[in-house]
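What follows is a single structure, and I will ask about it in a moment.
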């Protein structure tokens, strides 16, 4: 792999990562709320700049990453992520700290990912799901920690079964996976603590 | 009028300035150099390196100087510095069998291949204050003799050949690191040994001692203590082989202890292991005793003593943690104290009120009785 | 010799980026599982364990150049440890600092929650000595972990009930256990129980760092935080008989200041910033005026 062929990472690794982290933290602390996340990153397609920013911020040699089918088809994606983060790629979603999925229609069953244990519910996968839009005025009603009353969120596109699976995921609490939904220039989170109360 | 206490910032700065002054001491006395500490307080330097988990004599010596000789404070300084160092990888296991030996003794054999080598030791010295040292006279050169030659296999390897000693299994190559991952109880032997190697000498000494006095007695023998230099090698992926990074002085203790055997395993000796940076026999011996005690489950022994209890030992062996939390009691706690004060006053008042009410009731009863 | 002889330059906010990433990952898990103590590889910090290493690591991992930091200890910006930690971040991160609660974007605290209500744009970082609420009842981590997993909190209730049986009421006054979002029992850090109600449904994100014990936990904004109690012995906070002697504030937590050796004492706001702002706004307590008048307590003005 030629180093010259690798697109650059964060221009300022310290402050770019800090900014991205605070946005992700805010998103996680306010499930359903859509946050702006601007980044100058130009990762190899189909990895989106926002998903790339999240991974550069959180992944490193102490984490494992599972890439969805669409992302594994372009080896440049794995090369870019490995080069910039040193993260360990895994083919077993059950072992992954992070999972990046470019095509949400082809999301594997959530049970395939690490769910954590009752003793250590934190040992679970965080899914970074690339979507095209995040609409806070549509979609199911959300309740739970981080939400003042109720919120709504409609990410699109999503597989038909997504909300059913997401509801089951929330039922597993404190086990379960957490979602970071990455749209162009935007991010929202759906942690396991969020209850999906009605509609889809 | 009451003025709330202010000026914490200035008071702190002044306190630190005074500390620097006390550290320097009388200006008429020459300041101590780092080199002097490295050369002449070498065992203090070794302890700071061992418990500081960082092999750097000059740095440890500087920390001792900065800490005014307070070794736990010096260890703390080294640990905090260590945090900021980048990690490049991990070395190959040290081969203490290939040690360039400076001291090597076995209490279990009168003589053995490679011989007993006393080296620099306090053992057998009469602990008489040497006033000649105060006079700063010249010290005679040591007697040097040609190396005895030949290999000095580890005593445990000799016993192993006969099958009398439990075999140390090769691990899976995954060695835990408690500085990178929090301990997950029960901890494996790798993490336990790491914790003991970083652990406080005094704490481990007391625990090891307690096993000798019947609290989890394991009938130990000092199979071998060896001290000397070993090479540190790093396997370089790009080269495909290990390269030598440098040499460390380490002290290794293999404690041989009894194991009466079980239904599956015939009686044999078991072992406790101790290894420290630098020259530190007390620490490595104590570590070996505690390591063995912590292995009680492997040998079907009962949990009866503190030295066997890994949560107890591992959670309290780190002197930087222990000192910090003990000394944090110096921090202001007046908010919590106020909360307790309020409670104690209230409870005392309630008790007094109850007592008073009881007394009044009794008086009324008496008065009523008297009126009848 | 090592780099110590040269000028050693530390990363922004002291911690290296790898450490920050590790802590940031732990923070996200903590937010996703409110009240659960996430183990993290706490680093050796240049301040002692027990003096805020957990809080400092959390703050260092979230802090950015645009943040405004406030540090309090016992409610005060001016206590030695608060001064030292504020100085640490001024030096290593160069961030702006403040004593005004409403100006701060990140507030690191030991033992108090500010009296001024927090907002959605603020993060409160607690320094935690013993994160396990049941540690004094069951010293073993392996055991308490099981209790959390199975939601077996009977031990905690037994302890509180024993208090009632002995003293007629619950005798826990600080580090009073809470239940977060109906699931995990959590130690709120040694804040007086007076502050517990402020944690409930707070618009600010609350992060807890325990360095020595290597745990991070969180209460997201707008999250239910209930103090444990019994129907016949409901949770109640401390009350003070007199208002702050300097600013006449009522319904705030007060420190007792001993004035002489004849039992003379006064009560003043523990939250020094709150007290200063009230005095700046013209509020006067009984001892804040002219020193000649202090003997007559009745002259104290009440708001």
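Note that the chains are named A, B and C in the order they appear, and that numbering of residues resets to 1 at the start of each chain.
Note that in this section a residue touches a chain if its C-beta (ideal position, glycine included) is under 8 Å from a C-beta of that chain, and two chains touch if they have at least 3 such contacts.
Predicted model only: the values in this text are computed from it and were never measured.
If you sketch which chains touch which, the chains link end to end in a single open path, with no loop closing it.
By number of C-beta pairs in contact, chains B-C lead all other pairings.
Separating the centre of chain A from that of chain C, both taken as means of CA atoms, is a distance of 32 Å.
Each chain gets a centre from the mean of its Cα atoms; for chain A and chain B, those two points are 43 Å apart.
Across the assembly, chain C contributes residues 11, 39 that each touch 2 or more other chains.
Listed for chain B are residues 180, each touching two or more other chains. Under the contact definition stated at the top, the residues of chain A that touch 2 or more other chains are 62.
Within the complex formed with chain C, the residues of chain A that make contact are 13-15, 17-19, 21-22, 24-26, 28-30, 57-60, 62-63, 97, 117-122, 124, 126, 144-149, 173-174, 178, 191-193. Residues of chain C that touch chain A in their complex: 11-12, 17-18, 20-22, 24-34, 36, 38-39, 61-65, 145-146, 149-150, 180-181, 183-184, 203, 205, 219-224.
Taken together, the chain C residues at the contact with chain B in this complex read 1-2, 4, 8, 10-11, 14, 16, 19, 39-46, 48-51, 53, 73-75, 78-84, 87, 110-112, 129, 139-142, 167-168, 171, 173-175, 190-194, 212, 214-215, 238, 240, 245-246, 253-257, 259, 266, 268, 270, 272, 275, 287-291, 294.
By the touch rule above, chain B contacts chain C in their complex via residues 1-2, 4-9, 11-12, 56, 58-59, 62, 76, 79-84, 86, 179-186, 311, 315, 320-321, 323-328, 331-336, 338-343, 347, 350.
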